[in-house]
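Below are two complexes that have chain A in common, paired first with chain B and then with chain C.
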Partner chain A sequence: MLFRVITKEAFRKFVNTLLSEIEIIAPRKVATDYTGRSIYHYLPVDRFEDVALDYDTTRFSAKTYFTPFKENLASYSFQNGDWTQSIRYRGVTRLILGLHACDINALLKLDKVMARGPFPSPHYIARRKNTLIIGIDHDPCAGGFCRSLGTDTVTHGFDLFLTDLGDRYFVAIDSDRGFSMLQEVENTEVTEDDRVEYSAVRRRIAKGFTTHVETHNLPNILDIEFESPVWAKWGAKCLSCGTCAMVCPTCYCYGVSQEFSMDFASARKNKQLYSCNLYDFARVAGDHNFRARTSTRLKYRYYHQHRGFVETYNEPMCVGCNRCGNACLAGISPPEVIADLHMEEKA
Partner chain B sequence: MKYLNIAAAKPKVGVFSLTCCEGCALQLANKEETLAAFLSAVDVVNFREISSDKSDDYAIALIEGSISREDEVASLKAIRDRAKVLVAYGTCACFGGVNRLKNVLDFDWMNREVYGETPKATSPVRPVREVVPVDFEIPGCPVSKAEVERIVTHLVLGLPFAYPVYPVCVECKQRFTVCRFDLGELCLGPITRAGCNAPCPAGGLGCWGCRGPAEAPNYEEFLELARSRGIGDAELRERLSFFGGFDSAYELAQDEPLAVRPVA
Partner chain C sequence: MKAHLHHFDITREESMLLPVEFHRKTRLQHVDKAFKAEITRIVPLTDMERLYQLRILDPGERERFTFFPGQFVMVDVPGFGEVPISISSSPSSKGLVELCIRKAGLVTGVLHKAGQGARVGLRGPFGTFFPMEQMKGKNVLLIAGGLGIAPLRAPLYSIIENRPDYNTVHLLYGARDQSQMLFGYQYEQWRRVGDVKLHLIVETPDPCWTGEVGRITALLEKIRIDPDETYAIVCGPPVMFKFVCNRLSELGLPMHRMFVSLERRMHCGMGKCCRCNIGSTYTCLDGPVFDYWTVMNLKEAI
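Our next item is the complex of A and B:
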């Protein structure tokens, strides 16, 4: 890893130059909630002033720029009793500016499934390869428990990563693309002062976490607590609305459907992100539903995140951003559910 | 006519209006870019909004509107006898719709308010399924033409069609809409069937539930949620009874007077 330092003024000019060349997605304030808290989304920006780099968290993750909520996988046209297929991959470069460490770690986890798994998705790979990422450090967000999952820092999966040192950024460079981009802008070698300040900032951030989730032995505890009343308790609250999976940076489950045009001359194969909490997620032919109960569906989301994924990849799927907890209208959050399971263990 | 060796049917369709605003029929005649293709896929033999032809020879009858007069019962039964497939389309036909609000009012008073000294025969509003057997329902106020087209393409190719079982929340999330509850408002999205692509919350209005309930909705938790956000049961009952698809949720909410809010 290479490190450089760039002033905030130089960085602003740098972003404005990039804006004239490529699309930039960045955190933007879109509303204020009823408690007075700002709501941010990752959205396209036209000017640097729209970018809220000091945001705490976004309501939605950035996964939709890599595995969109709705995506056309293939198009078909029918002529003279025959058909042709057309598949288009997104090949346009864009930059996501301001991703936090948890969200970059989320992409690294998605890479394992979507880019290097047994069934890689060329659509995902095209989007991932054509997306530049400039991440940024931040003080812990309310309810975030990324430190419990080791995703509060990140060492790869981005092009540049910024740490705010007041009037300048400490920049980690993780790719030749990032290195080349920095050639276009004034930057300096890291000095002893920069190093000391960077370490102080990192220590402050590490000490700032207030939410902790005990992940020790969690896959085994989940197995032992398969019949736990904890699931019925939280399942009774679940609205089966799928919001948790939609806002999650790593939930990637999807459904595929085909749709004819009204003139029957063409058709499309569409992918839509789905959620294991939706009523028909495990409904099969003959109208048999393996997970007809809310409590079972809720349980299996935790099983995939904290047990199944660990078995396959030696790490949980959850990155601790707590977006699901923040967005859940029924107030179901991983820190509380997992704490309940540990209590059950001790009881 | 064959597509990929599947023979397409071209069913004869009649479109009929009962008590309603005929907005759903208007939707059928809408979406001009595919209207010609839509009208080629089906053989419309009776549809007063687009043609003066009137034939009683149809396989599929599309019924919009609710039943609010006894003479409508007779005409509906006659249509049921002629049609092989009877489809209730639009919220009025499926759940009674806005018309159903009259059921809680005094009928004589109401008749005088509307018709003055020339009262008309009227009866409590009912959805189509309470009068004749219904084969298929297409909810929505109004129905979504895009959804009607999906249903028709499935129908003519003989493919099964299924509505989303999940609530509107999924569609709000998939179009980056800020949750109306986050803004301190009431929204029936968490209990209402998706498929509309959530235009109301995106346009700044919480869901009013025109598509009726999602599959296996959690009414108890939904009411808890609304109450925890300071929304009273009277407002909940008003919202839940508006389109008529949420009778059992309505029963769970308490009967209390609606707080009078100042008119802006």
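Our next item is the complex of A and C:
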């Protein structure tokens, strides 16, 4: 990988030039919650001043720009008792600025499911390849446990990745388009001082984590504790609202449905993100439901995140952002549920 | 700066220009593309089930559409939705697909209203299949409960068409009552032409029924099974295949030589929507055909 250093002033110019050319999505402060904490979302920005690069976390992940909450998969038009199918892919070039390491790692996991293996999704690939990513390092957010899952650092999956060195950024470059674009603004070779400062910042960040999740042997424990009372306990709290999956950067499951236009001249086949916590996730015709109980659905989400995905890809699906924990109205968070499972295992 | 951001047009990728073939699983292609097929014939079987004969309209697509017994297609009824349906016909009849569909809800309900000449979409074939090659030279037990006869017809045809390759073939079929027995008009042919030993059983006999009465497992006691030389294909509801497979296991048949077909909710058929997932297993990719040992190891499978 190539590294460069760029002043913050040069970076501002860099972003401003791009703003006049393409759509930029970046963290923006949208409100303050009742505790006084800022609420950020990844949203389109018009001015560099709107970008909150010092944000802690966003309430929603950026997955919606790759696998949207609602996406058209195909359309049908009807004429003379027959139909014609048409498929269009969205390929608008845009930049997502300010993604944290966990969210870039989340995209790498989504890539494994959506872009590789059997049946690569052209819809996903068209969006992914036309999206430029500039990530940024940050001090740990409250409750985040990405370090336990090894997703607090990132080595690929972005174009540029910034580490804040006060008046300048240390930039990791992972693509030729990132490199070429950076050449358009003033930047310098990495000096010995830059390197020393970078290491100090990384050490500070690594020391800042306060939430830890024990992942040792977790895939096996999940299997062994499949009938554990832990699930009944947390299941009793769960509202089956599906919020956890909506905010999660890696949850990708969906439902497909079709709808007619008002004049019945056409129809659309749409994909809509779903959640395995929702009641009818595994319901089939004849009203048979493979996971009729809340506790089995909640368990399934953890099982897939921390065992199922490991079996297929040798890594958990969860990146430890704790968005689900923050958003859950029932107070269910992975660190607590997983700690409970370990307790159960020891008991 | 934009000059460096070369727009990526996925529709111009080389593989996207080739015809869609769902067998080429890792190829980047238009996976949402449905092959247009016409309903050429509808055979009413019972009040709830009908057999649909479909013909893929495009000659090229028809030529390329091949499948293995046990695989399924996603049937697309534009405007209404898509449902997974097992292919119920012979793998050798090019481009002619038979589907046996039970009226169970929205999409299947619309299909039951459709008439001859209606056009639907087909995506697929998807999923795993029964190891017909591996079974050659062996005895085969085909065991179906209820609508399970639908997916079973594909391996049955495959065996009948290559009959000398297989040893003794038994077909055990159980239904609630005689009116629920599907494909009665074909039994004679399977028996006489196909050299298949057919055994039928119903749970509640009507007055004119002269055959066996009871559960499907009762039929297993009527035949001689050589555990070392036999494969079994079991299709039906989970309670049914569980009892059957457990009994076969007691009779000495190894679990990795019994094959079942699982049913789960499916919205894509391609390992993406996750609706068919069982822990880490996608029923649409790793199944629907599984050997029974694998099923035993799946949490929540039965």
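Rule of thumb we're sticking to: the second predicted complex is superposed on the first by the 347 of 347 C-alpha atoms of A that agree within 3 Å, B and C clash if a C-alpha of one lies under 4 Å from a C-alpha of the other, contacts with A are read in each partner's own complex, and residues count from 1 in each chain.
We take it that contacts are C-beta pairs under 8 Å (C-beta built on N, C-alpha and C of every residue); 3 or more make two chains touch, one makes a residue touch a chain.
Everything numeric here is computed off the predicted structure, so don't read it as measured data.
Asks: If we overlay the two complexes on their shared chain A, which of chain B and chain C does A:Trp83 touch? Say first, second, both or neither.
Replies: A:Trp83: touches chain B and chain C.
Asks: Have a look and say if chain B or chain C is in touch with more residues of chain A.
Replies: After superposing on chain A, more of chain A is contacted by C.
Asks: In the superposed arrangement, which partner chain does A:Glu311 touch: chain B (first), chain C (second), both, or neither?
Replies: second
Asks: Determine, under the contact definition given at the top, whether A:Tyr252 touches first (chain B), second (chain C), both, or neither.
Replies: The second partner, chain C, only.
Asks: Report for A:Cys238: first if it touches chain B alone, second if chain C alone, otherwise both or neither.
Replies: First partner only.
Asks: Once the structures are superposed on A, label A:Asp46 by its partner contacts, choosing first (chain B), second (chain C), both or neither.
Replies: In the superposition, A:Asp46 touches no partner, neither chain B nor chain C.
Asks: Contacts for A:Lys269 in the overlay, against chain B (first) and chain C (second): which applies, first, second, both or neither?
Replies: The second partner, chain C, only.
Asks: When the two structures are overlaid on chain A, which partner does A:Ser121 contact: first (chain B), second (chain C), both, or neither?
Replies: second
Asks: Classify the contacts of A:Arg291 with the two partner chains as first (chain B alone), second (chain C alone), both, or neither.
Replies: Only chain C; A:Arg291 stays clear of chain B.
Asks: Between chain B (first) and chain C (second), which does A:Ala74 come into contact with in this model arrangement: first, second, both, or neither?
Replies: second
Asks: Could you pull out which residues of chain A sit against chain B in one structure and against chain C in the other?
Replies: 78, 83, 259-260, 264
Asks: Which residues, counting only chain B, touch chain A once they are in their complex?
Replies: 2-4, 8, 34, 37-38, 40-41, 149-150, 152-153, 156-157, 165-167, 169-170, 173-176, 178-179, 181-184, 189-191, 214-218, 220-222, 225, 229
Asks: Please give the residue numbers of chain C that touch chain A in the complex, ascending.
Replies: Touch list, chain C to chain A: 1-2, 4-11, 16, 22, 25-34, 36, 76, 78-82, 104-105, 108, 119, 121, 263-265, 267-268, 270-275, 277, 279-281, 285, 299-300.
Asks: Any idea which chain A residues touch chain C in the complex?
Replies: Per the touch definition, chain A meets chain C at residues 14, 17-18, 21-22, 73-74, 76, 78, 82-83, 85, 87, 89, 91, 93, 113-114, 116-123, 125-126, 129-130, 132, 177, 180-181, 184, 223, 226, 252-260, 264, 267, 269, 271, 274, 276, 281-286, 290-291, 296, 300, 303-304, 307-312.
Asks: Taking the complex as given, what residues does chain A use to touch chain B?
Replies: 30-31, 33-34, 39, 41, 43, 59-60, 69-70, 78, 81, 83, 236-243, 246-247, 259-264, 272-273, 275, 278-280, 292, 294, 327, 329-330
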